[in-house]
Structure formats: structure tokens, C-alpha cells
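The structure appears right after this line, and notes come after that.
First chain written, first letter: the chains are A, B, C, D and E, and each begins at residue 1.
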Amino acid sequence: MDLTGLPLLTGVIFTPLIGALLIAFVPREREALTRWLALGTALVTFAISLLLLPGFDPAATGFQYVETADWIPAFGIQYKLGLDGISLVLVVLTTTLSWISILASFGPIKSRLKEFMISFLILEVGMIGVFLALDLFLFYIFWEVVLVPMYLIIGIWGGANRIYATLKFVLYTLIGSLLMLVAILAAAFSFQAATGSWAGAFDFEQLRGFGFDPTLQFLAFGAFFLAFAIKVPMFPFHTWLPDAHVEAPTAGSVILAGVLLKLGGYGFIRFCLPLFPQAAHEWAPLIIVLSLIAIIYGAIVAMVQPDLKKLVAYSSVSHMGFVTLGIFIFQPQGMQGAILQMVNHGIITGALFLCVGVIYERTHDRTIAKMGGLAAPTPVYAAIFGFFMLASLGLPGLGGFVGEFLVFLGTFDYSPIAAAIASIVVILGAAYLMWMYQRVVFGELSDFLKGLGHHLTDVTPQELVTLTPLIALTLAFGVAPGLILDLIQMPVGEVLARVGGPLTGAAP
Amino acid sequence: MALPQTIPLLGWSWDDLIFVVLAGVMLGGALMVVIGRNIIRSGLYMILSFAALAGFYVLLGAPIVAAAQVLIYIGAISVLILFAIMLTQSKAGPSNLVFHHQAWAAGVAAVGLAVLLLIVILFTDWPAEVADGVAAGTAAIARLLFSDYVLAFEIVSVLLLAAVIGGVFLAKREEALDPGERQVDEPTLARQPPPDRPRGVAASEGP
Amino acid sequence: MSQSLDAYLILASLLFAIGTFGFLARRNAIAMLMSIELMLNAVNLAIVAFGAYVPALAGHGALIALFVMAVAAAEATVGLAIVIAIYRNKRTPLVDEYASMRE
Amino acid sequence: MPFFTEAPAEAVATTGSSLDQLLVIALLALPLAGFGLTALVGRRLGARAWIIAVPAIIVVWLAALYLIYQTLIVGAFGDAGMHFRLYEWIPAGDFHVDVNFAVDALTAVMLIVVTTVGMLVHVYSIGYMAHDPGRWRFFAYLNFFMFSMLLLVLADNFLLLFVAWELVGLSSYLLIGFWYRRRSAALAAKKAFIVNRVGDLGFGLGIMAIWTTVGSLDFGEVFTRLPGQLESGAIQPWMMIGICLLLFAGAMGKSAQFPLHVWLPDAMEGPTPVSALIHAATMVNAGVYLVARANPLFAQAPEALFIVAAVGIFTCILAASIALTQKDIKRVLAYSTLSQLGYMFAALGVGAFVPAIFHLVTHGFFKGLLFLGSGSVIHAVHDEQDMDRMGGLWRRIGITHATMLVGSLAIVGIPPLAGFFSKDEILGESFKLGFVWVWAIGIVVALMTAFYMFRLMGKTFYGPSNVDPHTEPRIHESPRSMTVPLILLAVPSALIGLALGLPPENGTIHHWLEPVFRPLDEALHHGAADYQILGIDGFLLGASVAVAAVGMIVAWRLFGFFRLGPRPALVSSVTGRLRGPYVFSLRKWYFDELNDLLFVRIGGVVARGLWWFDVHVIDGAVNGVASLTQGTGRGLRLVQTGRVQNYALGIAAGLLVVAVGYLIVAR
Amino acid sequence: MSQNELLALLPLILVVGLAMAVVIIDIVLPDRDDLISAIASGGLIVTLIVIAVCGPLPGGVGLLPREGVQLFVDSSGSGVIVRDQLTAFLDLTFVVIALLSLLFAVDYLKPRGLPMAEFTATLLFAISGAMVLGSGRDLLILFLGLELLVLPGYMLAGYAKRDGLSTEGAIKYFLLGSFSSAIFLFGLALVLGFTGSTRVAAIADVLAGVAAGNAPLSLGLAMGLALLTTGVAFKIAAVPFHYWTPDAYQGSPTPVTGYLSVGPKIAAFALILRLFVDALAPLKADWLPFVIVLAATTMTLGNLVAVTQDNIKRMLAYSSIAHTGYMLVGLAAYAGAAAGSPAEAQGLEALLFYGAIYSFMNLGAFACVAALQRRPGVTSQIASFAGLGRRAPLLGVAMTLFMLSLTGIPPTAGFFAKALVIIAAVNTGGWVAFLAVLMMLNAAAAAFYYLRVVVYMYMREAPDGARPVSIGNFTRAGLIVSAALTVVIGVVPPVTTAVIDMAREAARALL
């Protein structure tokens, strides 16, 4: 089957939109149809994203499947899509988690189902678009498109304090992204001023070869950094995350942790570094220090969280610290590790939120102190939860390990002391996750859970369907990380070539 | 009887005398308008002030403006204002406080404005020459009016029409509104204590 | 004196300032309206003076003044109508008692 | 024709026939399959949950025997051993790690212990766990452990070793926490994992350091490149010390060396077969194996070896001193294990690598035996572990008693049992290599070992019975599946020293391991002095046997021996006179309290403090900005008074400002 | 009068004629509100077509020549009135505003017993004033246009004359408006006196000479600028001359508020274009600092206070102040750029584009409020939006769309409006670039209160006994039009480009 002629990227972006439009015309009371239509759309999108794999050449430089069309020619704004290994990996991650999340929300979402599914599918459009856009303006638009559905998902289907959480999420993200818009436009203008034409002023491939003025680089990097750092989220911009996670419905949490946080890391790699290499070197020490703080701090704070979701949220802060650390040491192993870590964190943390959702569905509670002894009534659940707990703490052989290790390795190359500090999390991570697991799953069945009686059932087949692919992926990426590493080898090399080699400077 | 070229003692021309007298009447009248306690008298002083202004227009060689001043301002606007005053005199009569509490601040602002304007006028080199004779006669004005200014003329007529339509509509008496139909959003007057607000971003989330 | 543009402009400025003071200080809506009329007349005086002293404006000044008068008349019409309308609602011509809406 | 030949040019040359490779893979695949199958269907197997797991391990044992035979007896793979690559694991640019395996003499020796004890423990567990409803989990976990442990000894690069290292820790975690309903078990499991991770942290950093300095993680490549790079100055001596100490940190965790020893005694919460297999015979030896495996590195860092020796011997006496007073039978054995591991590290530290491995082997057998024996005892008295509630059991459970006596004599070092040969070599080499202080402490520990082991024997088997009267009548010998492994373990415990250790310092095991430790021997230039039974060696031998005898006799006098009764009064008068040391020992030197203070209390305060900081300072700042915005807005809206006059004045003021501004600013 | 001159005046004549026709019909056939609405709407649509046919529009569309037509051209080359691409662009905007305001008013006024005829006529008069402002090239014409714009505005504000709030808003608006008109007029007089001409081109010539001389600015001229700045700043509701806005907006009948928030504002910007950009351009370096300060204070104060409002009309009033600030950034971008540089045109283009987009999205937002209040007695508290997403899905979706667009979230039209302003500001650089950053921070803060409305509509339940909402047909049509414009300009590239092109050509026509 020759797929080269088809606009596959446009297809993968806008298939969910078509689904959303279809759902819009489904009568409100036909809930089953809505559900299956949404799932079907997500699966089709997933299938299209898989179609990208056979035609993808991991050895080729530059972008593949590029599609270009003029959009606003007056400013050289284009509709330009393309992907390299990094985008490919993240797009497939997105499409995978999307259908899983949609399936996972079959049960929990009981009101305004139609709106939920529409929001979710539009969210998917935005997320995939971000990973595929090669025009800065287009990228920004997709970036913002992500915002609104997520805002609604948390705000409408969230928990008790959802409004506070969702507004915080949106405002925080907006501050960053709006400044990024200024920076994008400034960069485009600077290009236009130098070349005398708007043609290509927003084209990433043109801009990345363009040496921006150092001051502009420094400021624009700062603006991009803020936007991405908030999204990642990096310490100290992370406080929206626990609130958003706690309030979001399960599917929202899964996507939030699984994909949304990756937008920031992706932004750093795709845009920040190639566009502003000099500034990247100036900013890197600060970012490395913040990453180290995030890694340790997130883990320590996670240790005392009373709420399961908050605990996982803080663990995300810690884990995403690896991503930024790995990126900003400008070292091939570190960056590959960072990308691997993004993928694996997406899968594992997504799965952990699904697991928390499973408990929540039965107990309507997430307080760790009320849990206990789940291993006896729900052994399969306990095993799966334990599996992802272990994956999250970076057990070798499972997904989390290789990424973490590569980041450590890269960091060690740059500064053994930084690596030593970062790797303390190996202990802390084990401590908070195992402590949580022990309190929730081990011990005698708590009185609270006893009170639920026969409602405390083991995982349902539907939940199993959502979790099993993630188990498989976690295992696969632990045993054969080459599946991803082979894809990202070339683009990482390209990015690093543009940044100009490993971070130099004083570091023991 | 021929008058002397200049006024004895002062050495002013007669025009100057007229100028000074008119200025005194105009400014004095205007002052009385703004500081007078009785609003009806204020209206009358305004007529006086406008009349003096008409004199200036004559001095400036624009008799047609002077005529218009008398007809429009004294004849129409002032009378309209006097009617309105009478329509709005409540039984309580004019309140004790003619001025607002901020009268002193108003004074400062007005004096400041005056000083600024005076400085500006004195230190500006206007592209002016001494006018000789009547600069613009009625005929010239009429020619201008129906050439360059014909569009302005039409616009003013539309403006007046609009004003009449609106004025009539607003001033027309109609039975009072059913209280239920008023806009009901007056919590601004009775300022309640702010309700318990959660801290932070969402703090202004009301009820 | 009477032949100098500055003199007329100074007069106009003083009249304008007096009008401003009245507008800022008076409580009665109609008194404020009168103050505005004073200000408009001050401007008119300046315009006519310019018309008389600036050669390029000969004739134009007087004509513009006529238009300003018409505008003033229209403004007074509308203003008085509004004053009457609000008087029907509030039973007072004092503007500082019109403060239902604030902040 | 080997199966897996597709190796990149820089990879280690592939050796070994396809059968050998297949067997290596079978060693790993069978337990893994056993684990998977048992985990999936085990629950439905009921009492026969072992039906998959145990046969799998027996096959593994047979396969291992063949490989051991090939390696050690036939010498089919030469000095370098066999190596082959399964597939490329992490291809990250110039950093790439393969899944590759090696079987050399050291691996083979380890395989002897791991597969034999493992197989016997599996068999033993059939009986021991027969009545536990979770037995399917148990067998699954055991198989998983076997997989991990075999991966550990077969791995041919540091990172794969590290993977196995952690998986072993995971299986340990699962098995310690096997009885998850028991809070103490869950806590002990967690503690074991986390303390191990402290060591793993060092190990991991060591691996990174090796890669950044040497540029490879393959054992072979690292060891061959190292000398050249040291010579060229690319690697500084301090780097070697650092790397070795980081690796040793890993070893300390897994082998429970001070100060990371705290997890091992608690690990006794797990079922006893687990204690025998994991916490006595195999996993805890991983540290020793690691240091031995990395001997070419340690050879370049004598300073690091000195620290190894010091830590080892200190752990040795620390654990022995605690073992003197413990009441729980398994805890005594646990501290004993610590103490013996201390010997091994001391031996490694002084440079006596072969004796260390020798002791590892003998200890694996006799400690496995002792643990299984204690399990049999516990089984007999219905899950009682307190020795104060035992006594006089030798008549009731004869086979258990006999085999345990063999084990005790072996560990104490009575010739010609296994422990005698290995321990004597350790002490002798320490002395002869100039580490007299190690020898001196070692001798004291030998005395203590003899004492606490026969205290254990006395309290358990001899003297009057203190068993719960309800249980008393139901005491019975364990089933065949348990006693047979005991007997099978007693044989090597008794004889393996003779088999491998004669002649002393030049026995079979020395010949086997000589190629592995050649770099070390070359670097440290020793081994010149021959063994002289009538010279210094004879004196040392006599000394150690003598102190062992003294210890045993004192213990007999205090705690009884066969019909010889115990003397509780004397015991209490001794403990009363030595109140301070006694309590200090009894409370395990207060390590648990110290850990509790440091990590639970202070750590908790720090964590809570940071959380407070997060909520109130960082998030407070975020919310503060929001509140500030709103507050400013609220302040500004007061400007809107609702009064036209105020507005007009505001406009006039604005006009004046703008006017003045223009007059000043405009050109 | 030549054919072209007639065509140039035709749209204006149509609108005025329509107003008069409405008055006459009302006299002949009293109380036929629907008829009047229909005739007025139809007439406005015809006017739209006429404007499009007359042009001139980009790409040579329209009967009139590209460079435009001037009437009564004098020796300086300046007519009193011009019809160029800027005029056409503004006329289109104004007529759309009129049409939408009309549609939104019908369903609101009827239940309150307020007559349609006077409203329609007054609105059309005001729009004709706006159109005069968009085309005037003579100071007197501009002043008259301004008065023609604002006087009907005062009346509309007080249109619910039996309602205390409406009349109170009207008198505040009127008094302050007249005050500012007087100030503006004085400034006009000073400029007139200094330059000796009423024609824009002649004034620009004189001032170009002044600017070229590089001598200190004459005090009279500076004072004139100050007075004009103040007067204009009042009309666009720039801080600190904005005081009338919240009260007038809150008091006015809601559709009128909608009109007031866009019509007079865009028209006042047209005045700025014709006066400051056309006539006073040579002095732009002098007025630039004031524009920058006004822009910064305006958007910041507007947003900060809007955050605290619980009354949606007041909130939108403050938000419209903030939008004034954004548009001023476009003006500053023009003024800050070197004369003749492309950045100049970009600033104006952004301003015009923003104005056009803002007009229908803000009108739409007010229309949603008005639709909610169609049944008298519904308060303007934001809380009355609670649960609207359920109660009136169309209204909820439309309001969400307008809120997102006002926030500037892509891919709505409002996003492109902001983006263009920022491009221009960044392009100009210096302090204006700083304004761009400030603008973005403001936009983030603004998101809070816009999204709050969404919170109420979708995330809070309607109070018990909340009555169902019925949207009238006229309102529905208007909502669909404005929502469609908001979406289509955002997501359909050719349309986006077309509107931007129109704005660009309009801006170029001015330079």
C-alpha cells in the first residue's frame, strides 16, 4: 500500500475533529452511540498514526511526510506539518492514550457525555497538532487549542474544587503561552527584517538556520522557556499540577499527565534549542538547577501527600525534572533519555491515574489513610497497580528505567555531582511509592473498605482493556527501548548539532 | 458731536473702552452663572454674558455671528434652559449646597487651566495679522456656506433633526414604569460585605 | 488692546476656565449644562477671533462659529431632555444624588 | 554453530556452542516461564501450585550442572569463559548496551550454589508452604527470584548486572512481604527494598562513572581497556578509588554491610525458605560476587580494598555481637549471616579473593541448611520463633536436629567440615598479607560465632522444653519434602570443604578461579608464600580451632548439650553483671532507633516542611499574585464613585496632566 | 456633482435616508415595530451591498477608483470628505455594527414597551455620524460628525427613560461627553488658529514644515494637541478619561450598551485616524509618549477592575476599556515606527483589524446578555448565567465563543486581532514592544474574568426555578452572524487573509 501521496498528517490531526462534528449531531439521549463513536474515532486516529510507521525512515535527516500550504501569505504564515522521530513517538503516544482515556471514561462520565467526548476529541486535535506543526504560528494555535477543552474537562467533569483548579490551570498556562506568542512574533519579525520578506518568517525549518541576535535570543528563549516550563511543569511553576490532577476526571488526569506535560518537553527540544542555541547555553545552568530541585523536591513532597492523585502529581513533577535535566545538558544520551522518559512517564503515570481511577470508581475516595489491604479483595488490581508502581520507581526491565538511566548517564558526563544529587530520587521514589503501595494494598482490609462490601470488585474487563496495552508497552519499552531510541537517534543528533555540543562550563 | 479720538485720562481708544466694558460684563456674568445661589438668576446672568459676547462678535467684524448669537443663544437656548430650570425645581427648593464638596478642587483645576492657557497664548506666535476692515461680509460667508460648507450644513441639519427626535422622545411624559420591569441589579448601592471568598485565583467566584 | 488677537484669546481662555469651574463645582445638572454653554461660547469667541486675525481663516471663523452654535443648540436640546427624563425618575436635579451605579 | 552471532564488530567475540547458549538461555527462560505461568494460572492449581515451578528449577539445576561441568571440569570455554549476545538492548548513540551473557569460572562457582540451594529450597517449600493459601504466589515469586539471580550471575556487562541486581531486590521485596497482611512484613519488605536502593544508587553512579571514564560497560572490554587508560593517564587513580567505592556501595546494600545492614534481620519476616535461599545463600552474596567480578578494578585501587576490609570486619564483629543475645531463632541466623558476609568482605579487602568466594560457597550451603533447619523447627512448634519457647526438641525432630548440628559445626569451623576450610583460609590470608588487625578481630568473631551458634542449639534442642503446652503434643518431624533437602544440604556442608579446599590455599577452587582473579594477583603481587602446615599456618589453624572450641564449650556450659542441662541462673548473673553491653547487643546497637529518628522523624519533618513550603510559599506566591491583582482591582474600582462631579474632576486633572506633559515633553 | 462624487456619498445618503424614512413611516404607520425593523435591516443590508459595490476595496473591487474620491478639493489637495479604502472599510464595520445592534435590540425593546422607530432612527443617525468621521478630511466636518455620533448616543443611553439607571447613565454620559466635546473643540480651535486651515491636508503640510524645522513645538500647538488628546481619549474611553464608561454601559438598555461599546469607540478611532494620523501625523513623535502611557494604563486598569466585577455589563464595560488599550497599542506601533517604514502601516492595519473584529465579537457578547434579559427582571449579575449551557445551548456556545475570542484564544478571530497588534508592536520595537508584553500579561489576567462567565454557564448549576430562556428570531440571526464571523475569520484562511488585506489597504490609503 503506497501511502506516501496521502496527507497522512492532516488526516491524523483532523480525524478526531470529524468525529467531534459527528458526535455533535448525535441526539443527546443516544449515549451509547456517542461513546462508541468517540472510541471509534480515537481508534481510527490511532490506526492512522500507526500507518505513519512503515513509511518512516529513521535514518533520514530532516522532516518527513511534510505538507505545506499557504495560510496567511501576507505574513508568510503557512500550514506546514511534518514529523521526525521525536514527533512520531509522541504522536503515537498521544493517539494511544487518547483511545484508552476515552474508553476509561465510559463509566465515570455520567453527565453531559456528548460535550465530554467532543471536548476530548478536540483536545486530541490540539495535542497532535502541536507535535506536528512546523510553522511557529500554527504551532502556537494548536498549543492554545489544547487549552480550552482541558479547561472544560477539568471544570465541568472535575471534583469539588474544580473551578479553582481549572482557572489556575488556564491562567497559568496562558501567561506563559501569550508571552511565547510575543516571542514567536518577535522572532518572525527579526527574520523578516533581516531577509526583507515575510516568506518563511514562521517556518521552523527556515528559522532554525537563522542566527538570531543574542539579546533577542535571550529574551525569546525566556518567553518560550516560561511557556514550556509551566507546561512541563518545572519547579517553581508546578503548583497548578496537583490541583489540576486532583480535580480532573480520570481520563483528564491521564491525558494531562500522559500528553499535556510532554508538550513542554517537546517544545524545549523542538523549538527552544534549535532556534535559540546561544541563549540555551546561557539559560541551561539555571534550568539544570531547577530540574535538580524539581526532581528531589517533588519526590520529598510526594512522600507526605494524603491523596493518591496528589502523590502521583508530585511524582510527575519529579519525573518531569528528569526530562528537563536530560534536555538541557545537551548531550545525546541525556536527550534521548529525556525523550524516552517522556514516553514512559506518559504511559506509566497515565496508567497510575487509571489505577487511581479504578479505586475512585468504587470508593469515591482517594485518601490514602482510608485505604488498606486491597490485595486481598482485588488481587488483579493490586498486581497491576504494583506493576506500575514499580515501573514508576524506575525498576530495570520496565519502561521507566532506561530513560532515567540515560538521563543520569548524560548528567554524569556533565557533572557527577549533579548526577549524584538527581539520583537520590532513586531512593526517594522508592520510598514514597512503596509507602503508598504498602498503605493502600498491604495490611488488613481497612474499615472504610470493609464498609463497601461487595462493591469492592476487582478490575472489570473494560478496565483491563485500558490497562493491558499500557502494561505491554511498559514491558516492551523496558526490554527493548531500541524501539524508541532508534527513531529518535537522528533527530536528537540534529538538535544537538544545532545547539552546539555538550554544555560546557563550571561543574565538577 | 464728535467724540475724542481717545478716552481722556486713560488714553484708550473707544474700541478699547467698549472691549473692557464688554469683557467685564461677559466675565462678570459668567462668574455669576457659576457661583450664583439662585439657579434662575444664573440663567439670566448667562443671557447677559452671551449678550456681551455678541458685542465682541461685532467688534471682531462678524455681525452675522453676533446676530446668530442673539437669536440662537439668547432667543432659543437660554429660554430653553430657563424652561428646564422651572420644570425641574422640586418643592424642596434649591439645595443649601450650591457647590459640590469638591468646589475647592474645581477652583484649583480651573485656575490651573486658566494659567496654562494664558501662558500658552502669550508665548505662542500665532500666524495673525491686524485685520483691516470687515474681513468677511455676509455675502462672502453665504458663498462659503453654499460651496465648501454645504456638506457641513447638511450634516448639521441631520444633527438637529436627530436632536429633535431624541429630545422629543426623551422629554415626552409617559406613565411610570412598573417596578418589576426596572433593571434589577442594584447591589452596588447597598454594598454587602464581601462573601466568604476562597483564597487565590478563584477568589472572586461569587455565590 | 481691542486690536490684538491675544486679548481675545485671553478672554476666551478666562471664559473657558470659568465654565470649567462651573462644570466641576456645580451640583445642579442644568447649571452644569450652562457651564458647558459658557465653554462652547468661549471656544466660539476664540474661533471668531482667529477668523478675524488669521488671514487664511477670513470668513471661515465666523462660519464655523455658526456651526458650533447649531451644535450647541442640539446639545442643549438633548441635554435638557435627558435632565427632564431623569428628573421624572429621581425627583431631583442634583447630579451628586445620581449615584446608583458605581465602582 | 552458535545461534546468536550477529554481534557488532566491537562486541565481545561470541564463544560457546549453540547447545551451551541454549542452556544459558534456558537457565533464564525456564524460571521466567515458570513465574509467568504460575502467576497466571497458579491460583487454579490449588495445592499443586508447585507443579510448574519446581520442575522448572530442577531442569535448571541439571542444565546448570552441565554448564558447570563444561566450564570447570572440561574447560570447554578456556580461561575467558563463554560469551554471547542475545540482542542490542539500549542503542543510544555511542552508548549502547547489549543483553549479553557470559559463563566463566566465577559464574560457574556461583551457579553451583545458586542452582543447588535454589533447587533444594524449591523442593523444601512444597512441604513448608503446603498449607498456605498464597502458595501459588510464593512459587511464582521464587521462580522470579531464580530468574533474577541467574541473570545476575550470567550477565556480561555492568548494566545488565545492575538490572538483575534490582530484580533480585524486587523478588526479595515480594517475598519478604509475602504475608502482606502482616504490617511488620510489609514494612520489612519496604525497608529491604529502600535500603537496597541506597546501595544501588552507588552502584548506578559507579556504572556511569565507568562509562564516562572507560567508555564501555562490557566486563571484558572494561577490564582490557583499563590498564592502557591508567597508564596513559586518561584515568586518574582517584577515579579508580571512586569507582570502586561506588561499586562497593552497591555491594554493601545487597550484602547488608554496615551501615546498610539494617534490612537483613527484618527480612526474616519472610517465609523461612526465602530466608534460606535469598537472605543466606544467594542474593546476599551478590555483593561479594560483584566485588569479585570487578576485581581488575579493585586491583587498581588498594585504598578502596582497605575500606572494603574495614567495613567487612566491622560488620563481622558488629553482627556477631548482636547475635549473642537475640531470642528469635531466625534473627540469630540472620545476624550470623551478616557476620559471615563480613568475613567474606574482609577477605576481599585483604586481597584474598579466592577464600572469599570459597567461603561464599561453603556458607551458602551450611547457612541454607541452618535456615531450612530452623524452618523445620518453626514448622514443628507451629510457627513459634522465640527460642525461649523451645527446648528439648532433639528427641522429637531428630533429622532436623542432626542436620542442624552438622550446619552448626560447619559454621563454627570445626574440621573437617566445610566452614573450617574457608574460614581458616580467610583468617590465615589476612594474617599473612599483613592485616593482623583483621585477623585479630576475625578470631574474636570466631569465638563469638561458636558461642552464639551453640547457644542457639542449646536453647532450641537441648534442656527442658519450654514449648507452649498446647503445641507440645503436636510437635512432629517435617514431611519428606522438607527433610530430604535438609539431608541433601548437610552433605555438601560437611564435605565441600574437603572437596574444594584441599590442599589449603591451593585447592580445586583455587585452580578454578585463578584465571578470573589473575589481574588482581598480578597487581597486588602476592601469593608467593607457600602453605606450611607446621609453620605459621599451623599456628593460625590451631588458634581458630581453639577459639571455636572455647566458644562451643562456654555455650554448652550455659545452655546445655544433649542431656546436659542449661544454667539459667548463671546466664542471668552474667547478663546482670554485663548489663550495659547486654542491652546494647540485645537492642542491636540501637540502629533501628537511629534510622527511625533520622529517616522517619527528621525526614518526615523535612518532607512536611517542604510541603508546607509548597502550599504556602510557592503556591502562596501564585495565589498571592492573583490576590494582588484582585486587590488592586478592588482598590481601583473605588475610583468609580458614581458621582459625575468626581469623574469630571478626574477628567480635568487628566487634562491638566496631559497639557503639562505636552508642554514639557513636546519638542 | 460627478457620478463618482455621488457614489462616494451614496452610503452616507442611504443611511441618513433610511433614518428619515423610519421616522416618516412611524408617523404614517405608528406602532409597526416589526415593519420598521425589517425595513431598517433590509436597508442596512442594501447599504452593505452598496458599499461593496462602490468600493474602493482591495484588488480593485468596487466602482470607485483605488485612490478614492474627494469632494470639494481645495488648493491643498484636501477635500472635506473622502471615500477611499479606509472609508469603505470603516463604513462596512459601522454598518455591520448598526445591523447587529438593530437585530439585537428588537427582541429586547419589545417586551419593555420601548418603541422601535425612535431607536432605529437615532441609531442610524449615530451611524451616519460615525461614517462622517470615517470619511471627513476637514476639521469642522470631523467635529460635526463627532457630535452627530455622540448626541444620538446620549439619547440611546437614556432610551429606557422610565428606568432610573438608564437615565442616570445617560446624564453622566451626556454631561461628561459634552464637557469633553468642549475641550476637544477648544483644541480644534487652537490647531485651526495655528495652522490657518480646516483642511486636513493643509494642516498636515503646515505641521510637516513645523516638524521639519525641528524647533521646539509652539506652546499653542502643544496645548491644542493636549486638548485634542484629552477629548479623543474620552471618546474612546481611555484611562483616566474612562469614568463614564462603566456607569453608562451598566445603565443603558443592554443592546444599547452593546452598541455603545463598539460604535462610538470604533468611530472615535476613525476620528483618531483622520485627525491624528492624517492631520497631525507630522507631530506623531510628540503624541506617541501619551499614546503609550494611555495604552498601558488603559488596558491594565480595565482588566484589573474587570476582574472584580460581578455585574456582567460592568465587567464588559471595563473589558471594553481594556480593549481600547489594546487598540491604542496598534496606534502606538504606528506612531513609534519611522515615517514611511512598513511598521507604520502595520500598526494601523492591526488597529483597524482589531476594531473590526472587536466590534462584532463584543456586540455578540452583549447580545448574549440581552438575550438572557429578554424577559424583564433578569439581572445583569454574572450569576444569572449559571447553568446557561444547559438552559440555552445556543446562547451558551455563542457566549463561550465570544469570551474565548475576547480572551484571544486561537483559532477565533479575536486571536488574530491580538496577534496582528503584537506583530505590529514588536515590529516597531522599543517601548511599544514592551507594550506588547504588557498586553499579553493583561490578556492572561483578562482570561480570568472571561472564563468566569464560562464557569458560570457550564460549571455551575442553574438556580432552582430558573426560567427557560427564549431567544428571539432577530437576536438569533444576529448571534449566528456574529458567531459565524468570529469563527470564520479565525479558521478559514482565505477569509482571514481577505479581512487582513482590507485592513492593510485601508491603512495604506491613509499613509
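Everything below uses one rule, namely that a contact is a pair of C-beta atoms (placed from the backbone, for glycine too) under 8 Å apart; a residue touches a chain by one contact, two chains touch by 3 or more.
Nothing here was measured: the structure is a model prediction, and the numbers come from that model.
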item	value
Each chain counted as touching chain D and chain E at once	A, B, C
Starting at chain B, fewest touch steps before arriving at chain C	1
Most central chain, Cα average position	A
Farthest-lying chain, centroid of Cα atoms versus that of chain B	D
By number of C-beta contact pairs, the top two chains	B-C
Chain located farthest away, centre of chain E as origin (C-alpha)	D
Centre distance in Å when chain C and chain E are each reduced to the mean of their C-alpha atoms	26
Distance between chain centroids, defined by C-alpha means - chain A, chain B (Å)	66
Centroid distance [mean C-alpha coordinates] between chain D and chain B, Å	99
Chain C residues counted as touching two or more neighbouring chains	9, 16, 19-20, 23-25, 27, 29, 32-33, 50, 54-56, 60, 67, 71, 74-75, 78, 81-83, 85, 88, 95-96, 98-103
Residues of chain A whose C-beta touches two or more other chains	163, 167-168, 171
Chain D: positions in contact with at least two other chains	622, 626, 630, 637, 640, 642-646, 648-649, 652-653, 655, 659, 663
Sites on chain B touched by chain E in the complex	116-117, 119-121, 123-128, 147-152, 155-156, 158-159, 161-163, 165-167, 169-170, 174, 176-177, 180-188, 201, 204-207
Chain B residues within the chain D interface of the complex	100, 102, 105-106, 109-110, 112-113, 116, 119-120, 188, 199-201, 203-204
Chain B to chain C touching residues, read off their complex	12-13, 15-16, 18-20, 23, 26-27, 30-31, 33-34, 39, 42-43, 46, 49-50, 53, 56-57, 59-62, 64-65, 68-69, 72-73, 76-77, 80-81, 83-85, 87-90, 92, 94-95, 97-100, 102-103, 105-107, 109-111, 113-114, 117-118, 121-122, 126-131, 135-136, 140-141, 144-145, 149, 152, 156, 159-160, 162-164, 166-171, 173, 176, 186, 188-189
Chain A to chain D touching residues, read off their complex	168, 171-172, 236, 238-240, 297, 300-301, 303-305, 332-333, 336-337, 373, 375-376, 383, 390, 395-397, 401-402, 405-406, 408-409, 412-413, 416, 419-420, 423-424, 426-427, 430-431, 434-435, 438, 441-444, 479-482, 485-486, 489, 492-493
For the chain E and chain C complex, residues of the former touching the latter	140, 143-144, 147, 151, 154-155, 158, 161-165, 167-172, 174-175, 178-179, 181-183, 185-186, 189-190, 192-193, 196-198, 246-247, 250-251, 314
